[in-house]
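Each chain gets a letter, A, B, C and D, in the order it is written, and its residues are counted from 1.
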C-alpha cells in the first residue's frame, strides 16, 4: 500500500491483482520460502482469532527472518501480538482487543509497548475490523455501518472514518475504509497443493481476509489431493486463485488451537503469562530465545513443546467430534 | 451484607443477572459471568433462551467443567446449532435479531457508558486496557445488560474514554449522535440492580440485594445515585440456582 | 412494507423483527397453514435460482389459496414466474433474467404479460439483486457497487438507485437500496423442526434472503433431528430464529431440481414450453388447471408427475455424488 | 465461405473464441458457446484455464454429453473446486480476480454495447427479452469476449437499450460514466474476429475467417465497419479442435 493511503484506489488494487499468477498451479513451498513473500513495512493481516487457528508457524518464520516494521491487523490479538511487539517485527497493530487472553488478565507486554509509546495499537470495534476486510474483499472502497457512532473509539480514529448519509432514508451512518492487506497469513485444517482451502468449525474473518489481500500465504495441517477437494466443493472456503503459497505445517497454530485438531496448550500459555507478568521485557526475551531463536526448525519447536503436550492438546482437540 | 450468605459475590452476580433473562430471548454473551448467568437461566427458568458468541456461534450448550477461555475457541461450539464468520454473527446485532447483549465491565459512568480501553488520558494512559472487542458493536446495536463488581473506582462520574456507548451525555444524546437503537437496560452488581431513568438516562437503583443498604450502594458509587424510598429488594439466590451454577464451574474459574 | 417506501427505515425493520417469536421452538406445519403467512400485496422473495431449489410447493400452495398482488423478487426467474403471472398471484416481478430457461428460448408467457402491459418486470443486474438482499441482511440501508453504472438498466430504474461518492477515494459508485422482503420462500435439502437449515451444493442468494426477510417459510426435503444439526453446526446456513414455518415436502422443487436429490424434470419442462409457445394464455391455463387447480394435495401433484419421472429425476440428482 | 468447410457456424464460433483464451486465465463463462469454447481451450491449449459460472461455481469440469441447461444447476458443479453464493461469485468480478467475461449476444452496436432486454422502444417493446442476468455485471467489471452470429439485424448502429455496457458512446465515455475498469476486448462471429479502436473505441475487423471476404462482413454489419487493407486471416478449425468439441456436445445442443 502506498504510504499514507488509507484505501487503495480501485485501479491500483486491480493492477496488483492482475499481476498475480492466478492460474491453477502447484505452490507448495517451505516456511522459509514463504517468509520471503513478506517485505519489511508490509501490512500483514493475520487469520484466526485470539487463540484459534493463529498462523503461528508463519509468524515464527517471520521472526526468524528478522522482518521489520510490519503493520499488523487481526480480529483479536493474543500472544502472537506480544511476540510481534517483543521481536520488533511489528510496532503497529490494528485490532479490536489485544491481550494474551481473558483468563490471564491484561497483557503486560502489550502495556509495556503501548504505554511507553514504543508501539502503536489502533483500536477499532470488532465488527468494524471485519467489515473493513469485507469491503476490501468485495472490491468497494467503503462500507456503511451503524456501529462505533458516538463513542471515543470512533472519535479517536479521526479521519480514518467518515460520517455518511443514506441517500434513501437520510439515516446517518459511518463509512469504514476498505482494508486490502499486502499479505494475509492463514492457517487451515486442509488444503490442496493449489491452495483450495477447507475450514472446519469457526471461520472467523479468514475468508474475507483471503479475498481482500494482495497475497495469501496458507499453512495447513495437511495437504490433501485436489480430488478430495472436488468431492465436496461446497466445503471449500478459500479458492486457489487467491492463494500464493501453501505450506504443510502440522500443529501450525501451536500453542494456540486448530479447531477439531488440537486445543490450546494451556500450560505453555500459563508459563508465558507468568514470565511476562514478572517482567514483560525479560520474560518475552526469554520466550523468544527459547521458542523462536533457539529451535532451528518447526520440528525443533514442536520438540520443545513436548510429545505429552502435543498428544494432550490433540486428544482435547479431536474430542469436539466425540459427541 | 449479612453474615449468613452462602454464596460468593460472583455467584450473586451470576444468579441476579441470570434472572433478568427471559425465556425465548436471543442473548449475545461474553465469557465469564455473562456465559454462566445465561447458561444458569437456561437450566432454571428459560429453556428456550439462545446464546450467541462473538466468535461466530449460535445456540451452543456449554459442557459443565469445560468453560471456554474466550468466545473464540472450539469449546464455545459444543453442540451449537450453527457456526458462522465473526462479521456475520456481529451483523445479526445490526439487523436487529438480538434481544440482549450481556457483558462484564471494567469502568462505567452515570449514563452507562463503559470503558475497557484506557485508564487515564488516552494519549498517555496509566493503563492501556485490552480494548473494545465486540463491546462497542454490542452496546451500539442492542439492549444491554452489564454484570460487574460494585466498586467506587469502577462506578465513576464520567469514564476516561467511551469504549462502549451507554446513553453518552444522557437525555436524547445517544439517539442524537446517530445511535437510533439499543441502549443500557440493566447493570447488575453484587450490591444491587441498576436501571436508567427514562428521561434523563441517569443510572438509578432498581432493587437492592439481600442485606444491602442504600448507604452501602451510595458509598460504593463514584457519583450521586438516585435510590427511591420504596426501592425493591431481590430474593436471595436459591439452592437450585447455586447447584446449577456450581455444577457449571466446579473449579470456580469465574465464581471464586 | 409501507406502500411507496423503497427502503424500510431501520427502526421499522427492528420493530418488525422484535415482534417475531425468535425463541427455540418447533414450527412444523402444513403447506396450507404456511400459505396463510403470506398476505395479498406482500413482497415475497423466492429462493433458489432458475430451475434450482425453487420453492415450487409453496408457490403451488399460494396459487391454490388464490393469493393476489404479490410483489415477487428473485435472483433469476424461470417457469415459476410464468405460473405467478398466469395465475394472477403476481403482476410485478423484480429480477435479473426471466424466461423458462435458455434452452427453451424467450418465454411467451413473460412476453404476453409484459408486452401487453398486464404485468411489470423490473430488471436489475444479477449482482444488484444479490447486494440488495445482502444490505437488507446486514441491516444497512444501502450498498455501494461499481456495476450498472452507465447502462440503461441503471437509467431505467430512476430514483430506485442513487449515485454516491466514496468519502475516502472520491470514486463514483452506485448506491443500491436494501431489500427486506415481507416473506421469503426457501426450499432446502434438510432442516430441523426449529428451522435450522443445511444446504448442500449451490447456495444462490438464500442465506441473504433468509436474513433480510421479515418472515421466512422453509420447505425441506426432510426434517432431521436437532441432534443431527448440532453434529455439524458449520454446515448450518440458515439459523432457526430467522424461520417462521417449516414444512416437510419431498420433491418440493419439482419440476425444478434440488441439488443432490433430483435434477429438473426435463420432459415436463419441454411439454410446458411447447404448450405456452403454441398459446401463452391457453397453454398456461391448461398447465394451471392440470397441475395446480386439479390436484388436491402435493401428493396428487407428484402422482401427476408420475413415478417414472420421479425415479429418473432422483437418479440423475443423486449422481452428483457418484464420482 | 468456401464449399469445403466441414464444420457448422456454431462450431466455428466455438473454435475461434476458444483460441483467444490464454492458459492460466480465469474466465467467467455463460452456457452455450462460451462454455463449449472455454472447455475446448482447456482440452487443447490451456489446461490451466479456470472456468467460473454465475450460479456460484469455481473450476468445474464439464462432463461430455451432460451440458448444463443454465449456469445455475448441479451439472455446472461437476468436480468443481468450490461452490459459493451467487453474490459472492459475482463480487469476484468487482474485486478484479477475473481476467475475462465471456458470453453470447443478441444485439450489439458500433461501440460494443449489448442489448438483451428490449427490441424496440423499452416503454412499448416489440419484444421483451429475458434481460441482463449477470451480463451487466460482467461487462461492467471485466474485460469481455462476446461470441455471436454475424447478422445485420444483430450488428446495429445503436442498440435499442444498453443492457451490458461496452464503450457507451465511444472515446472515454465509458470511463467518464464511472466504469473505470474492464471493457470490450473481442467480438467473435462466424465471419470474423472484431476488436475496438484504441482511441475511438469503434468496432473494427481484426481478422477474417477462412473464405470470408471483407465485403461479406460489411454486408452483414448494420453500420460502417473499418477493415484494414492487410487484415489478418484466421486458421481454419483443426481436426483435434473439432474432435474435442464434438465429444463435448454429441447431441449438438449448442453447435447445430
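The definition used in the following text is that a contact is a pair of C-beta atoms (placed from the backbone, for glycine too) under 8 Å apart; a residue touches a chain by one contact, two chains touch by 3 or more.
Everything numeric in this text was worked out from a predicted model, so none of it was measured.
*Asks:* Among the remaining chains, which ones contact both chain C and chain D?
*Replies:* For chain C paired with chain D, the chains in contact with each are A, in label order.
*Asks:* Applying the touch definition from the top, give me the chains sitting in contact with each of chain B and chain D.
*Replies:* Chains touching both chain B and chain D: A, C.
*Asks:* Averaging over Cα atoms per chain, report the distance between chain A and chain B in Å.
*Replies:* The mean C-alpha positions of chain A and chain B differ by 29 Å.
*Asks:* Chain A to chain C: how many Å between their CA centres?
*Replies:* Taking the average C-alpha coordinate of chain A and of chain C, the gap between them is 38 Å.
*Asks:* Can you compute the centre-to-centre distance for chain A and chain D, using the mean CA position of each chain? Integer Å is fine.
*Replies:* Whole-Å distance between the two chain centres: 40.
*Asks:* Could you list which residues of chain C touch at least two other chains?
*Replies:* Answer for chain C, listing residues that touch two or more other chains: 10, 139-140, 145-146, 171, 173, 201-203, 230, 234, 323.
*Asks:* Tell me, which residues of chain B touch at least two other chains?
*Replies:* Touching at least two other chains: 57, 77, 79, 83-84, 91, 94, 180-181.
*Asks:* Can you tell me, using the touch rule above, whether these chains form a line, ring, star, complete graph or other shape?
*Replies:* Here the contact pattern is something else, fitting no line, ring, star or complete shape.
*Asks:* What chain pairs are in touch here?
*Replies:* Those chain pairs which touch are A-B, A-C, A-D, B-C, C-D.
*Asks:* Contact residues on chain C for chain B in the complex?
*Replies:* 10-11, 13-14, 17-18, 21-25, 137-140, 194, 196, 211, 226, 229-230, 233-234, 236-237, 239-242
*Asks:* Would you tell me which residues of chain D are touching chain C in their complex?
*Replies:* Of all residues in chain D, those touching chain C are 31-32, 54-57, 69-70, 72-79, 83-87, 90-91, 93-94, 117, 122, 125-137, 140-141, 161-165, 168, 173-174, 177-181, 253.
*Asks:* Show me the residue ranges of chain A that touch chain C in the complex, using the header's touch definition.
*Replies:* Result: residues 6-7, 9-10, 139-146, 162, 164, 166-169, 171, 173, 175, 177-178, 200-203, 230-231, 234, 323 of chain A touch chain C.
*Asks:* Could you pull out which chain A residues touch chain B in their complex?
*Replies:* So the residues of chain A in touch with chain B come to 49-52, 75-76, 95-99, 101-103, 106-107, 110-111, 114-115, 121, 123-128, 130-131, 133-134, 145-153, 156, 163, 171-174, 201-208, 257, 259-260, 263-264, 266, 317, 320, 323.
*Asks:* Tell me, which parts of chain B touch chain C in their complex?
*Replies:* Spelled out, the residues of chain B in touch with chain C are 23-26, 48-50, 57-59, 77, 79-84, 91-92, 94-97, 99, 180-181.
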